[in-house]
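Below are the structure tokens for one structure; questions will follow.
Chains: A, B, C, D and E, in written order; residue numbering restarts at 1 for each.
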Amino acid sequence: MGKIKTKRHHKKVGKAPGSMIYTGHKSSKKLFIEAFDYNVERCIEKELNNVEEIFQINLSNSITWINLNGLNHVTEIEKLGKHFNLHPLVLEDIVSISQRPKIDEHEDYLFVVLKMLYNDKDDNIVSEQVSFILGTNYVLTFQESEGDVFDTVRERIRHGKGRVRTMKSDYLLYILMDAVVDHYFTIIETIGDKIEVFETDIFSGNVEKSINKDIQDLKREILRMRRAIFPLREVINRIEKHESELIQPKTKAFYRDIYDHLIQVSENLDIYREMIWSLMDMYMTSISNKMNEVMKVLTIMASIFIPLTFIAGIYGMNFDYIPELHYKHSYFILWGVMIVLFLGMLHYFKRKKWL
Amino acid sequence: MGKIKTKRHHKKVGKAPGSMIYTGHKSSKKLFIEAFDYNVERCIEKELNNVEEIFQINLSNSITWINLNGLNHVTEIEKLGKHFNLHPLVLEDIVSISQRPKIDEHEDYLFVVLKMLYNDKDDNIVSEQVSFILGTNYVLTFQESEGDVFDTVRERIRHGKGRVRTMKSDYLLYILMDAVVDHYFTIIETIGDKIEVFETDIFSGNVEKSINKDIQDLKREILRMRRAIFPLREVINRIEKHESELIQPKTKAFYRDIYDHLIQVSENLDIYREMIWSLMDMYMTSISNKMNEVMKVLTIMASIFIPLTFIAGIYGMNFDYIPELHYKHSYFILWGVMIVLFLGMLHYFKRKKWL
Amino acid sequence: MGKIKTKRHHKKVGKAPGSMIYTGHKSSKKLFIEAFDYNVERCIEKELNNVEEIFQINLSNSITWINLNGLNHVTEIEKLGKHFNLHPLVLEDIVSISQRPKIDEHEDYLFVVLKMLYNDKDDNIVSEQVSFILGTNYVLTFQESEGDVFDTVRERIRHGKGRVRTMKSDYLLYILMDAVVDHYFTIIETIGDKIEVFETDIFSGNVEKSINKDIQDLKREILRMRRAIFPLREVINRIEKHESELIQPKTKAFYRDIYDHLIQVSENLDIYREMIWSLMDMYMTSISNKMNEVMKVLTIMASIFIPLTFIAGIYGMNFDYIPELHYKHSYFILWGVMIVLFLGMLHYFKRKKWL
Amino acid sequence: MGKIKTKRHHKKVGKAPGSMIYTGHKSSKKLFIEAFDYNVERCIEKELNNVEEIFQINLSNSITWINLNGLNHVTEIEKLGKHFNLHPLVLEDIVSISQRPKIDEHEDYLFVVLKMLYNDKDDNIVSEQVSFILGTNYVLTFQESEGDVFDTVRERIRHGKGRVRTMKSDYLLYILMDAVVDHYFTIIETIGDKIEVFETDIFSGNVEKSINKDIQDLKREILRMRRAIFPLREVINRIEKHESELIQPKTKAFYRDIYDHLIQVSENLDIYREMIWSLMDMYMTSISNKMNEVMKVLTIMASIFIPLTFIAGIYGMNFDYIPELHYKHSYFILWGVMIVLFLGMLHYFKRKKWL
Amino acid sequence: MGKIKTKRHHKKVGKAPGSMIYTGHKSSKKLFIEAFDYNVERCIEKELNNVEEIFQINLSNSITWINLNGLNHVTEIEKLGKHFNLHPLVLEDIVSISQRPKIDEHEDYLFVVLKMLYNDKDDNIVSEQVSFILGTNYVLTFQESEGDVFDTVRERIRHGKGRVRTMKSDYLLYILMDAVVDHYFTIIETIGDKIEVFETDIFSGNVEKSINKDIQDLKREILRMRRAIFPLREVINRIEKHESELIQPKTKAFYRDIYDHLIQVSENLDIYREMIWSLMDMYMTSISNKMNEVMKVLTIMASIFIPLTFIAGIYGMNFDYIPELHYKHSYFILWGVMIVLFLGMLHYFKRKKWL
């Protein structure tokens, strides 16, 4: 999931366009379908075992939300598609999980694809494709696997919290998408936290190779998130401007709200991106500073002891006639000279602020 | 306040849209409401204890400015909202303090959100969200806490300075926003001063690690200011182009003036941003120069004394037959040779401009 | 092929505009023409030896695809051009293989040029120009040499798989172009794999010069791919918006699908481009880290042994009176002192995390 | 003048909008007003002592140019403003010298602000704000101090050179602005010369710290010039498109000419900007090269003499039995070995091109 | 020529606008005029000595191309301008050779300026300004000196090759401009070749200072070419969209062809620009790698011989009691120890891949 999406496309090269091929990794997942059917007065919640059961739901007088998990069940999805009269390319897009967020406006339904982002147990960012079909009184959602960010939506439908039960399907689509976008903020925070950790690390002088790799990985993660989030703004924009009975004028203000949130997320992402560049700068500077420190130690040691060793070498020479060798105190005088030299050096390096 | 805004959003993930939740840190602030009611002839200034008192103010024949401090008092704000017939999403935005500057045009009022920036006691840049509601003859302002940049506005209303008492509510909104934008210049100056200090520091050879961190922090501060200021230009632009009785044609020139100021602030911010990049360049160069200096000291010391030590080593050898050892003056001749070598080296390094 | 295209233009400088000159390297290729003529009921597939045979094909009641390999056969192509009434500049563009992707809308045909990308045996990316002429019931394709990415298309026409036999020539053009774009994904994957290899290499400390060169080469390859792919988006866009009987409204959705794929490929390319920048960063950092390591070894060795050597030098001096020399255990004491110094140094470097 | 403009804004924070406050440094300048009144037949030139004298000039049948120096004389300017019926915000902008170039189109006059750039005695770039009011038969100009770039204009009016005396006030405005823009080229040249000097310096190995600072200063100067020049293009553009009797169709071609010049200046600025980046690159590279050189000297010295010293050390050992010590020629043989080693080393370094 | 253009503008600062001043360096060039007068049936080619001869050419029933070399002959050009009724600003632009490519649409003629680029004998890129006047049945061209890229055009007119003799003056302008643009490809190739040479140089480890300078020079050359080529696209675009009898609809396709070529040249320029950045990267890396190599040699030499020297120093001490000194084989044992140490070190460095 948290991997570059293109890989998956491979399975399809050379296939006829419009052929439905699941391009994800979760081929063994069980099909799981849940249905909510509600209006102001009542709310029925069902777990279904196969798509045929869906066809028995009466779609008039109520709003129906059908949530299908398990994109590997291609034939089931195809049946569903036929029932709701979906275009073959739409069905192909639903099961091909490397779509970028987009909206396709069809005559009697809207098709929206977006990326749901959430943290898994190990705090890795997981990206999962969710497709929405918005009809006059139903919303279909398609997900790869069961975990999702819609629990608060379920809660609200069940207990009639807020406006949801009094509104049309376009409002249902809105709260579903809002739930997805709200979770982007959680992800943004995770990234912010990681950046802070890196910063503390680098500032405290940690210049291990792995940190470089980790920073680059984070940079890439941000790149991927941008890819998931930036086109979504255009999608929301087009929903807002969509002219048909599917989207009622009074819900458009709500979509505007999602749009504002997306702008906020995008801006934060871009700020984090700049921060990462700064991190790399700090890291490079940190390495250079470290090198400077190493060089100073070497220079100080060498500068102090090489001249002293030279002096010792002088009086280790075996010339027949070296007058100093025979004075009584010359050994101690020499020590004195050496200590003076040593202290002079120390003083010099201190003045240069190397010590 | 001076922290990344997203953090605060967290509280709201999973909440129903349109639910009013205060997302700031100042939950214990007391509610403080002040009201100005004025026309050409008179000006009444009141401090109110609760929102109900507002409802008694007669809104005809005068311009009323109601300034509410304490966004944590959500229920009070809700009452106010109902009285002035504000949309639920507007109320949600007022108390959710991580909004980016924006304008929402409603049928009988304008809703404007912007960021007030000022320096606190420690010269840190503080950002506080201010929301404005512009009605036909009133302006409502909502702030998190009491301190603000509106004192000059109060003064002008009280004493009827300038045009304010002879103009409509759109002019009041203008002078309030103008006060906010005028303070951006003060902030810009603070940043300019900081950059100058960094520059002097780096140029005088200070390459401490902390300076790197500080520069990165400043860079981030500028990023945040951009986020507060850049969208505001669009807001002003839309006020200028707004077609309704709320904004009179003759006040539009004044909004144009704010727009010009914002362009100036933005340009300065971008210049400072480039300067920061230059600072980083200078810093990196400074480190490299320092390393160069260290290396030169090492090289000079080593290059001078290693050969001399070698010579001393030669005559410290214990061969039975080393003719030079037995000449009378060879010790002094050797000293001479060594001094010549030493001076030659010094000369060489001087010519290379290393000394 | 995988070389910068401009080189080939050279042959033409100074030639009259509109003169057909083959600008590629494959001048000795044999002419190879294949023709598919099909409708819902039947499909005839022929291999032709010269262009005259084409003129005998009855173009009514069926869709005809004529695929010509061997752009060096300029006169044959000219004959074909005359038969199908093609503009001289179109013919010039077909044989001049350094075209960038473009579309020319003529009265009764569309002329599309694009770049076919595929991996050769050595996994190098090969770029070959393919030109398409879309007429009311025929498609002409022109390629430099025989290998191409159209095998799946041939298969589908032969066996009537999918929709192709029931649709018009605009659908044929679509599946041909789709085949080309689908192969872009394979190329994208190759690039992704290469980047991964580089990353592993650099991370494991390989900083050989050649890797720098290879990365730069890959960067250039991506630049070239961008040049092949980015203008194609505009081409598809114009096909979608093309208003004539050549492109039927119902096939436009399919072209939209290609467009989406192109956006995906473009985004991936841009991500890879950023990754390459990161790679270069990692590489530079890797070199600096390596240098740091080298310096540490030097500093440790020098800092430990230079002072010890100095001490040994002291007691190698030949002064008449050095009291320590005559104490019985002084040699062993000195060893002790030296070992203590040695261990102290080790401890110091360990505390500095240099060991 | 050559300082960042924002600083001056400070004086105004908190003041009522529309209040005229001079924001420059030249508060003690004397007021100096000159007036040219001319038509095809005659030209009167006057020096005025106060603004009242202006009001006596008969504005019909001739073109009048009034040039006022001394923006600190706010009350005089206000009088002038009233006489010519100028908007309060216009007067505020005239004396507030931190305006960015702009045009305000009023009913019966045009207001243009731009930056005049010229070199002072020390070759520093000085920026001074000039405001223009274009009326039907007059042009007013407002400058901070006396020096300006309009001498050629004066000359042309006095002696009736060129078209000026036969044209309307819009042509006068044109030649005044043209004089300003022409001087931009001189400034551009100064910058080009500075860059050349830096380049020669760096190339000849000068890597003093001050050069880094100077380059950064130049970069900033270019940033400031961009700010003065780029918005001016939009100003000229709007003059060209202005639809009123103030700008006659036949003078528009002349404004187009200024526009072309501005594009040229802008492009040159951008090229110089890129050159400065290159300079920084060259500077960094220069430092690295210098370090390389230092390291080579150290490495050569150490690599040659450390092994030789080791050999000398060997035969300085006091073992009872070292056979070589007692051979007659061993001392000379050793010298031979050492010289061979020395030459071998030299050869090795030469082959590595370090010498 | 290959120098920054602004320099030449200097001569004109302070001159009245519209005054014709030649701004180039070739003031001593002789005037050279050639005229081609042709229609389908005939072609007359003349060399003229003065502009007066031009006025005798009958301009009806044929297309006339007058090519004037020697922009320093300002008065002659002025005469010509009067004869063809050209605007003074056009004449000024013709002789002012620092124009950027542009088109001026006048009532009965088009004025086009562009830059002709070609390699001189030393393979330097030379840029020369060429101005075109397109009238209903004539084209005037103005060049600084005699050499140009129009020989193929002359050939085609003389021998009636291609379409030229059957077409109008707009086609003549097209083939002239096409000749200029075709030469851009040659220049592009020269640049490509230079980059390849630099690459080989750097890769083979050449890090001389001069290469840095040369790369920066090339970068600048590309910047200048961009300036010559990018605005030309806009010029061609406007010719294509020009609505008058001067440009016939059927020639517009040909201009479109030039446009495509310009896009290709521009793209190649941008790719080369990126390549130059890569070159700089490679150069920097190369320097760092070289430094690494130097450091390794130093570290290896020092790390091996400093400890050995220390050991030798130990046994050079003069303590009365050093037991090892008196063992018979200790000298040889010591050699053994040293050799083991030496080999151990070698092994260590080999394992670190430093050898």
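Couple of notes before you dig in:
By our rule, a residue touches a chain if its C-beta (ideal position, glycine included) is under 8 Å from a C-beta of that chain, and two chains touch if they have at least 3 such contacts.
Computed from a predicted model, the values in this text were never measured in an experiment.
Shared contact partners of chain B and chain C are A. A straight line joining the Cα centres of chain A and chain C is 27 Å long. With centres taken as mean Cα positions, chain E sits 43 Å from chain B.
With touch defined as above, residues shared between interfaces to two or more other chains in chain E number as follows: 284, 288, 291, 295, 298, 302, 306, 309, 313, 316-318, 322. Chain contacts in this assembly form a single closed ring in which each chain touches exactly two others.
The ring of touching chains, read from chain A in the direction of chain B, comes out as A, B, D, E, C.
Against chain C, in their complex, chain A makes its touches with residues 4, 6-7, 9-10, 12-19, 87, 89, 98-100, 102, 104, 207, 209, 212-213, 216, 219-220, 223-224, 227, 280, 283-284, 287-288, 290-291, 294-295, 297-298, 301-302, 305-306, 308-309, 312-313, 315-318, 322, 324-326, 328-331, 334.
By the touch criterion stated above, chain D contacts chain E in their complex at residues 151-152, 156, 161-164, 174-175, 178-179, 182-183, 185-186, 188-189, 192, 203, 205, 253-254, 257, 260, 263-264, 267-268, 271, 274-275, 278, 281-282, 284-286, 288-289, 291-292, 295-296, 298-299, 302-303, 306-307, 309-310, 313-314, 316-323, 354.
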